[in-house]
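Everything on this sheet refers to the single structure shown next.
We just call them A, B, C and D in the order they show up, numbering each chain from 1.
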């Protein structure tokens, strides 16, 4: 009998119930036989709680999916069809340091493409490359769906520093933008297609099609009038874009662009949170504690509603949808991080971009975007370039390069600060950064 | 009530019954209210014959499609939704000259991207630009689906020399290659997707997916063993590719590549045909005469089987399918000539390429191909470049440039011959080439 | 008899004596017959002072150069061989506004590629385009040597928005960097050749050759140890680059990069100057007053030593040297702003770059730089892109675009500030910005 | 005391006296202490003859240059400053096969970028890579000046398949074109500068400067009138270019373009020579015999006049001039084969191109050419691409790729012929092609 084996690394994550729900809902098309939830020993307590909830969910759905908890990655990977990665090297406390240390020097931490994201990349990339090595040995035809942040850099690291090509980076931002704007416009989101331009957390909607017709002008017009409200839908503060900028871009920035277009205001807000002890990582830590209390409830056998409120919701659902389209060669359009291969002419062919792709059994096939217009080109290039330097520093452990990378980031107020922040973060995360501590 | 108006310029073509059949078969999805068949006075007899057959076909199908015959292009274009062009400037006798004159100088005529195709471009491009001007005035939102050869050059001319962007060039070659190879491989052609690389009649299948899996290795292997038989399916002589070439390309050349890979053998064959008075144009002339005899039969009310044998079959069906996908925003994948926009990194962004596209209401969106591998790059570039020169000569009427263009074509044995052939063809087609005869 | 006519627009500038000295020193090779100093009526007093000094200098040198003062640009341009532009639209008081207004909103003014430079471009580009139109009519073979800031943007505007190609942008920064570092390294500056990468005021020395040997490693090493001292040579505050950055760049940033690498510190310093009423423009205003007092002295007949201390010294000497090399087809290497034409692969072919060029009678021929390394690529691209947007806004008078341009500048702390600063500067310079005030 | 050591591999070549004369003439600037002439045992007789002549020449010039004959390449290379390579793997008889075998199949042999050149590349590239390995070990800072044909491909092979970057390919074609046209135009060749576009033996003069002024229009006009006469100056048959082509190119093709623009006529001529037993290789063989008879004359102590008549004259003088400019960091402009590095935007950055370069102690620095105009772009790309495939086949010994490479060459009349020609040449040169005979 044909098997379909999914392995989720970082299975003890609070997002797992969404993933399980996604698989249950798609069972008819995606007949999973084994779902392996893998974690490390330090995560045993969480994995047991989440794993038991997953089993109750499957049982309630009355489906023959075998949920297996494992602390042995290699055992789990053997013959897998899909591997998803959602682990957090250094746990939530590492993220809190990623955010608190930069801000203590007057620099926004930004856990994805700022100083914090840089160190998340430093901790995560070596582990992912290890996992890829194991996949190449144990399940070389599997697809690796990564939604560990920084998802773009992790994808690019695999594409550029290994021979493994079956990797896709996934983010909920495009999904949430599509949903949010559709709601705002009273559109049926299923009839919407986006032209996305950029890379992860550095992406613009540069065209918006409803029932096949370009309505970007209407969307921008509405956004000009409502950007505050629209943005309020996600876990960002609602800063309203000046109409002048939006009209000139004729594109919709992603929520993370707030950091770049409103650096000063974000910095002030982050400083306030820092003083009050509720930077995003600290908020998330508390949210997760509450979620796990809920998950423990033996009578719970569905995804609890509270998970929706956690930033990053829909990540897992996007992953299920992506796996489904690959497995069934659906050739539908999804928004993922993949090899540029010329899709955006201005960016290097070998970098990772986040664009609309046709999803096939052979992976995502990006639709050509062509040249970026100058209104967004500088922003996309400067951050993409920061990522390239960061990935190289993550691989080589080159401290000078790390400082240079950070000083090239638009959020860095001064190269002197870059030195201080890099050094303090290197010290704080020493345990997880062996590449920087050789010799 | 909503109308859907199609205008077919060159409506008196022998291909029209296929087009009409295609529309009839898709009526449920594509509820055409008016089908205008337009031609010039010289084509009145043919248009009457074909138009009457079309009406009998529609009547038999019992559909409320109004078939209107017209000799007034402007009247026809008013408020059209789709315009298809299949006219032949100078009629079949011009094609015969395109083929006979070069071969009389020892040069292959090649009616699409050889000397013959160059002059077909010279005759056709100015007329198409005139039509585009009328479309911009009378039905600016219409889509122009061109299947007049040379379809790639005509498309590129519109893209580069007008402001009109709703143009698509269509050819039956990708369709026929897909069908032919699928048959050879015992594949269901509906489950096949191609990666196409190149431009019209200068295109390679560089990847071949069956049910989403890449099977290009198997296809090339089978082609190595059977290329003679496979090629025999179309209107080209069956020349078997040396296995060494196919293995090294790891791609399938299109039938027109015969001219370039087997120039000497094709030249000999063409010389033979020239002497016997049956160059392709002469054969087609005879075929058409026979077809029109059949069309005249008042009892005929379906597309006659004999049309299948005419080279170029499936052109019209491909057009119907394309129109359907645009109209209904199907987002399926078809193979058309469209703006490169970076899809093939090695070719200019503003040229026309023939690649796999997602077909949407907003037109075709090419899937990125990336860089061409060097095994096929030289061939694609040199012919694409010939086309660019040819288009410029077609617009400017620059005889020196025409000679330079032809001398850059791999089929041209010597620049001296280029001078002779250009001059004799300029003379022969004088009536249709006013741009070369100014002052 | 052969004439050689130079026209200097903005002839009343305090720099003119340096220019005159340069021409006198090179008279043997560059036998100027007429030097026209042109200014506007508002500048009559200054022009008279400077013009008389120029005449005394020429007289003392005993050379047959005719110095002509003119307030009629067209009369002056007739049959010119070289035209230099060093005018300041809006005089020094406009520059003071360019600096004080942004800083009053907490944004660095930066008179070349910050908010101030943007408005200098807005005021200057339309005037330059007018001059170009006159040159095309009155002296179409003349070379236009522009050293009005922002020199890079002005050059790019002429290259992209006119048909006139004989334009070169000139800056003293490369010259001063070469001299400064040579002095630091105890090198004979005449035996030094630079590889420059970037655009005006956004340029790095990416290789440094002494007697033909690459010594960039030694130069960077020395710079690491002495950057404070080296930088102190020019009119920038001495901020010492962190060694980590310099080692990783393996390149020498230009002095203006201080603004980008030390934004926070520069901002604080600029705020201090703002409060004390001595922003750079104000300092320059005072310096110029003193210079003109000196120039008035009828016994002065050489360039006074005090001019050396004025920032921007050597501009005029660089111009003389450039004119000399063009006139005599010297084929030596100089560092100018010219059409990229692929010299830096990562930047658009049609933009202006500042690179090492072979100077010929046919103009500067850039030496290929190839790809930029990622350590400097992001910085160069983001500012180059800001310039492109700025130039387009200067031509079109599009306020939205001006705001978008400024918000893309790394010195802009927030898009909200961009709106405020643009609006206040538009108001302040209203008189000189007719393009923004139409309808 | 400072030494300057030159090593000439293939020292027994008939060209060596020109090289020696060049060194003697430049002794004041280029004070060579040791000139090593290296050859293989099979070449002992020739090396002794040439070596003795060299010694007599040096003695007559009364210079302290030590001429050393050696059969031990490693001994010779130790501490060399410059290495020149002019060896012919397989001797002149191999060249004769390169020419006779293709023509026996109706294909032009063309010893540089046709079938013959392909096999010369196959024999030569592995030997050059071996030499490079030795240089890297024994004299890593030396410059390798290669004038073994195919000089472009050999240079590209070193650049792309080794870490050694100090390689320059040299050809007499640009020098001869410059001289020939200057003579035709009554120009002083020393005041001429060319813009060259292309690669070795596939190069066009796209601009021509006399005393710094562009005179390409005049040159083309004159060439239109005199191309027959001008071309007659070199060892090619005088075929007159049609004026139409030259006017449209507005560029001067190199003599080797005769093969591509006049393929049919060249083929007929080559067939005639083949039948008469005087293909170029056979003519050269006879010429060389005569030269060596002359060289033997013990009273001869200068370069004999007869050497001038040998095609390829000036190669060695160009080499001396290049070495001189590198040694003395002259920064003059010469025309060499070097890394593209973006100089020609349309060609890959990592390929070898033949362009105008500033010659420095750090090697040649190409002057940017920018984009190729379409009139010459196709020709340059298709041959460059053939070269890339050929180099890869030379390294890998992949017969399929060799066939594919040859079938992509415009001189190949049919892929069937490519198979025959490749197989017969592989057999004929078996001894020198170990890479094709593995397993």
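In this text, contacts are C-beta pairs under 8 Å (C-beta built on N, C-alpha and C of every residue); 3 or more make two chains touch, one makes a residue touch a chain.
Since we're looking at a predicted model, the values are computed, not measured.
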> In the chain contact graph, what is the shortest path length, in steps, from chain A to chain C?
Replying inline: 1
> For chain B, which other chain has the most distant CA centre?
Replying inline: C
> Can you give the whole-Å distance between the Cα centres of chain C and chain D?
Replying inline: 45
> Distance-wise, how many Å sit between the C-alpha centres of chain A and chain D, to the nearest whole number?
Replying inline: 55
> Got the chain C residues that touch at least 2 other chains?
Replying inline: none
> What chain-chain pairs meet the touch criterion?
Replying inline: A-B, A-C, B-D, C-D
>> Show me the residue ranges of chain B that touch chain D in the complex, using the header's touch definition.
In response: 106, 241-242, 244-245, 247-249, 261-265, 374-375, 377-379, 381-386, 388-389, 392, 398-401, 403-404, 407-408, 410, 413-419
> Along chain A, where are the residues that touch chain B in the complex?
Replying inline: 193, 209, 211-214, 329, 331-333, 341-345, 349, 358, 360-362, 365-371
